[in-house]
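You will see subunit A twice below: alongside subunit B first, and alongside subunit C after that.
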Partner chain A sequence: MDYFEVFGLPRQLGIDTLALEKTFHELSRKYHPDYFTTASPSEKTQAVRMTALLNDAYRTLRHPVRRVEYLLSLYGFKPDSSKVPQALLMEVFEINERLEEVKGGTASVEEADSLRALIKEKRKRFDAELQQASLEWDELVKSGQPEAKLNEQLARLTEILSESSYIRNLERDLGG
Partner chain B sequence: MAYSDKVIDHYNNPRNVGSLPKEDPNVGTGLVGAPECGDVMKLQIKVNEESGVIEDAKFKTFGCGSAIASSSLATEWVKGKTLGEALAIKNTDIVKELSLPPVKIHCSVLAEDAIKAAVTDWKKKHGDGLTS
Partner chain C sequence: MPKIVGIDLGTTNSLVAIVEDGTPRVLPGRDGSMLVPSVIYFDEGGTTFVGNPAKEKMVERPRNTVFSIKRFMGKGTEDVREDLPLLPFEVAPESEHIIRLNIFGRDYTPPELSAFILRELKRNAETALGEEIKNAVITVPAYFNDAQRQATKDAGRIAGLDVLRIVNEPTAASLAYGLDKRKQGTIAVYDFGGGTFDISILKLKDGIFEVLSTSGDTHLGGDDIDEILMRLVLNDLSQRPDIHQLQAIRKAVNKAKEELSAADRADITVQELQYRRSLTREEFNKLIDPIIERTLRPCRQALQDAVLNPANIDEVVMVGGSTRIPLVRLRVQELFGRVPHTELNPDEVVALGAAVQADILAGSRRDMLLLDVTPLSLGIETMGGVMSKIIPRNSTIPASATEMFTTFIDGQTNVKIHVLQGERELVKDCRSLAQFDLKDIPPMPAGLPRIEVKFLIDADGILSVSAQEQRTNKHQSIEVKPTYGLTDEQVEQMILESFEYAEADISARLVIEARNEAETVLNATAKGIADEQYANLSEEEKAEIAAASARLREVMRTNDHEVIRQSIERLSNATLHLAELIMNAAISKALKDKRVREIQ
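== the complex of A and B ==
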């Protein structure tokens, strides 16, 4: 049973997180150990397994980036270091070098601000791109497009996602 | 998870940190990155055109301790080697030397990729782009 199936959802990326939370609480109650005190050992084990699966599924699906990562893994797609665009690496390297100076205290206040703005801007663009590509995926699935089309979109999502950890690290190194 | 003594040593005293002039015709630059963890690694070699021997190597890595140690070790190893010998360095050699745990194997792969990219860049500058 995959995470989408746990919640009775189609393999789509547009997920109403409030509805997801509600279903999560309902299902958590349904499989709660308290309701299985008189059940057979195998039913007890099954309930514990479902609870664990449910927790993993919820943690993954409620997060827009992890949700995409998971969808990609279902189709055997994963970030490939040989496919990270050279331009992205150069940009990330340069930002890291600037960041090093800011953290080392040798950069001006203006430089720190401009770097902060740059990283913020990258985050905004990344989120927008991922959201757009996610919407496109849902459209393709809903309109029953052939596998080749779907694979093309999965490749696109993989490419966008390859930037995710770089942005996350930059934000972490900047200290929020 | 604990780092091995060798990783810690390279992390605390990284060898050959820095940059070589990218535009120098005798310098090959490799810039690689691992999208899983967001590490980025630059490795440069300076090659003697006559002998084909790597005379100098520098690196700069933004990433975890294992990535820094892997690239530090890689620069140590390629120095004094021919391009062919440098290309023969395998990530498994780095894993063994640094006792990297399975979750950090990709750091050694990155270092091997960086060596290959630097050699490829140097060859491209010398009109030998595709063969290794």
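== the complex of A and C ==
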């Protein structure tokens, strides 16, 4: 059973997280090992396994990025940070140099603020791109498009996630 | 369903509780107190005493009075190096991965020592409830790692308890807190006890208690405050105190600390050293501020992990004895911007919550459900000593992860897997949990076997691992070597040895009962000798009473209840004639009185 099936959902990326939580609580009440203390050992094991699957599914699906990663893995796609456009690498390299100066204390306060704003802007653009591509995926699935079309969109989502790791690293370096 | 008790196995005090008719209550010990001090005293004869009688021996018999053993659970000597100089214990040489305390030439691991406390609680519950208790829910700090949880479960097994669930202390407290209030909303539980600190953030909705995040420090509590004050006293002294004096200092600073929760000034008085100094609340606050600051960092982390601001927290619940300190309350109030709840008894709320969880497991309540999380990320060692996370911290448990492994050499039949817990990037900065050996892999060219390994963290927060070779569909056998823990065989051995203690405990009780009876008989004899009828005894009879009394006084100090019983018997026989004379005299006097009344 895949994570979408656990929640009785189609393989779509637009998920109502409030409804997801409600189903999560309902299924927890059904499967949780707390309610199987007096059951047979095999039933107990089953309850633990089923609840673990439910929890894994909930943790993955409620998070917009993990959700996409999981969907891609179901189709054999895997984000790879080494396969990104040369232009992005150059840009990140440049930002990193400026970041070094900020962390080293040689940059002005204005420079630090502008860098922070730049990284924030990049994050916003990434989030918007991912959301747009996710919506497109759902449309393709709903309208029953052929496999080639779907694969094209999966490749697009993979590309966005591959690039996202750079933004995450920049955010981490800035925060740390 | 047999009864299930809830146990709070604390650093300083332990409690046992049960739910009856929907209401949890703490079960008192034989001396009537709800709190059993987590102290174990071993006497020369091999008898153990737990709780208040043991606590009284801490200064007098420091070497063989064990306290705060919870701080040693799942630890090796390196983990507690800083504490050891201030502790009176003798640590056995082979304590690298499991601390062993040597008491009268015998080594004890922390699970065995904790089992003494659990046995006492089990007995208290059995006395209070009038039936045998075999099932328990035991609480642990939320931030306890796998080894510490396993050690707690081992302690339960050694004590003869089936531990149905390990529950996190702050979560248990939230169950007791939210029980009858039908609370909804987001709460933070700040649990600052004798040895550990936890913060948990929970969402309460329609009877579901969902933990969003947890953080803490399993080596931060009231004991650390005591140690700061002890160092203050040690600085004043011209020479290093012996272990008796050390314990006297510990007792004195602990008393002063407690007084300062209510008073502006307290005295630290150590009679044994002719030492006295005064400490103001202000000085005290200055000394402990760094410790309190160390509790606030995990609070901020937990908020961040739950993606919440302090303003999103509806209520803050205070748990643990150290939350009685006014500065702690103030700092928590400042951080969360609201007055924390202090109306619950911070000593009892965890045990009460454990009893509620026991009630849920017993099937009595389907309206409440606890969804807890794992406090630490689980990972495996990969190339270059890097920790690769497979289950992130704050994942709801049970949780699982599946990883594929293969071989590097043609015909390789073994694969080693090193499992770790922690948040750091490098293996050396994380806590080693266990080494797993995948064995009997069918010989194949390198890289061809596909071994699917499933990691499962159960509802107790404890890891288990299973493996399957995908090409042959063969279930792989796994050999587990816990890094900081006991193997199954070692626990079995300790269970066997614990039966000796069960016998020793029974004999200890027989001795105490025999001593009590001896005292009664000696008192009665003294009264008899004072009676006028004593003069009517022969000289031989008087001599025998004197000899039998002397003998009983002598043997009642030993631990041989049979010899005490024999001496009681001898004295009873010797005083038989005297008792008869006194009785007859009393009867004839009563008759005489009656006749006098009749005549009148």
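FYI, the second predicted complex is superposed on the first by the 173 of 176 C-alpha atoms of A that agree within 3 Å, B and C clash if a C-alpha of one lies under 4 Å from a C-alpha of the other, contacts with A are read in each partner's own complex, and residues count from 1 in each chain.
Definition applied: a contact is a pair of C-beta atoms (placed from the backbone, for glycine too) under 8 Å apart; a residue touches a chain by one contact, two chains touch by 3 or more.
Note that the structure is predicted; figures quoted are calculated from it, not measured.
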Query raised in the report: Regarding the shared-chain residue A:73, is it in contact with subunit B (first), subunit C (second), both, or neither?
Result: neither
Query raised in the report: Between subunit B (first) and subunit C (second), which, if any, makes contact with A:161: first, second, both or neither?
Result: first
Query raised in the report: Where does A:52 make contact in the superposed view: on subunit B (first), on subunit C (second), on both, or on neither?
Result: second
**Report entry** First, second, both or neither for A:86, with subunit B first and subunit C second
**Finding:** first
Query - First, second, both or neither for A:38, with subunit B first and subunit C second - result: second
Report task. Examine A:169 and indicate which partner it touches, taking first as subunit B and second as subunit C; both and neither are also allowed. Result -> first
Query raised in the report: Between subunit B (first) and subunit C (second), which does A:151 come into contact with in this model arrangement: first, second, both, or neither?
Result: neither
Query raised in the report: Residue overlap on subunit A between the subunit B contact set and the subunit C contact set?
Result: none
Query - subunit C - residues contacting subunit A, complex - result: 1, 164-165, 205-206, 208, 210, 360-363, 366, 369-371, 395-401, 456-459
Report summary line: In the complex, the residues of subunit A that touch subunit B are 79-82, 84, 86, 88-90, 92-93, 96-97, 161-169
Query raised in the report: Any idea which subunit B residues touch subunit A in the complex?
Result: 31-38, 40, 42, 60, 62, 106, 109-110, 113
Query raised in the report: In their complex, what parts of subunit A are in touch with subunit C?
Result: 25, 28-29, 32-35, 37-38, 48-49, 51-53, 55-56, 58-59
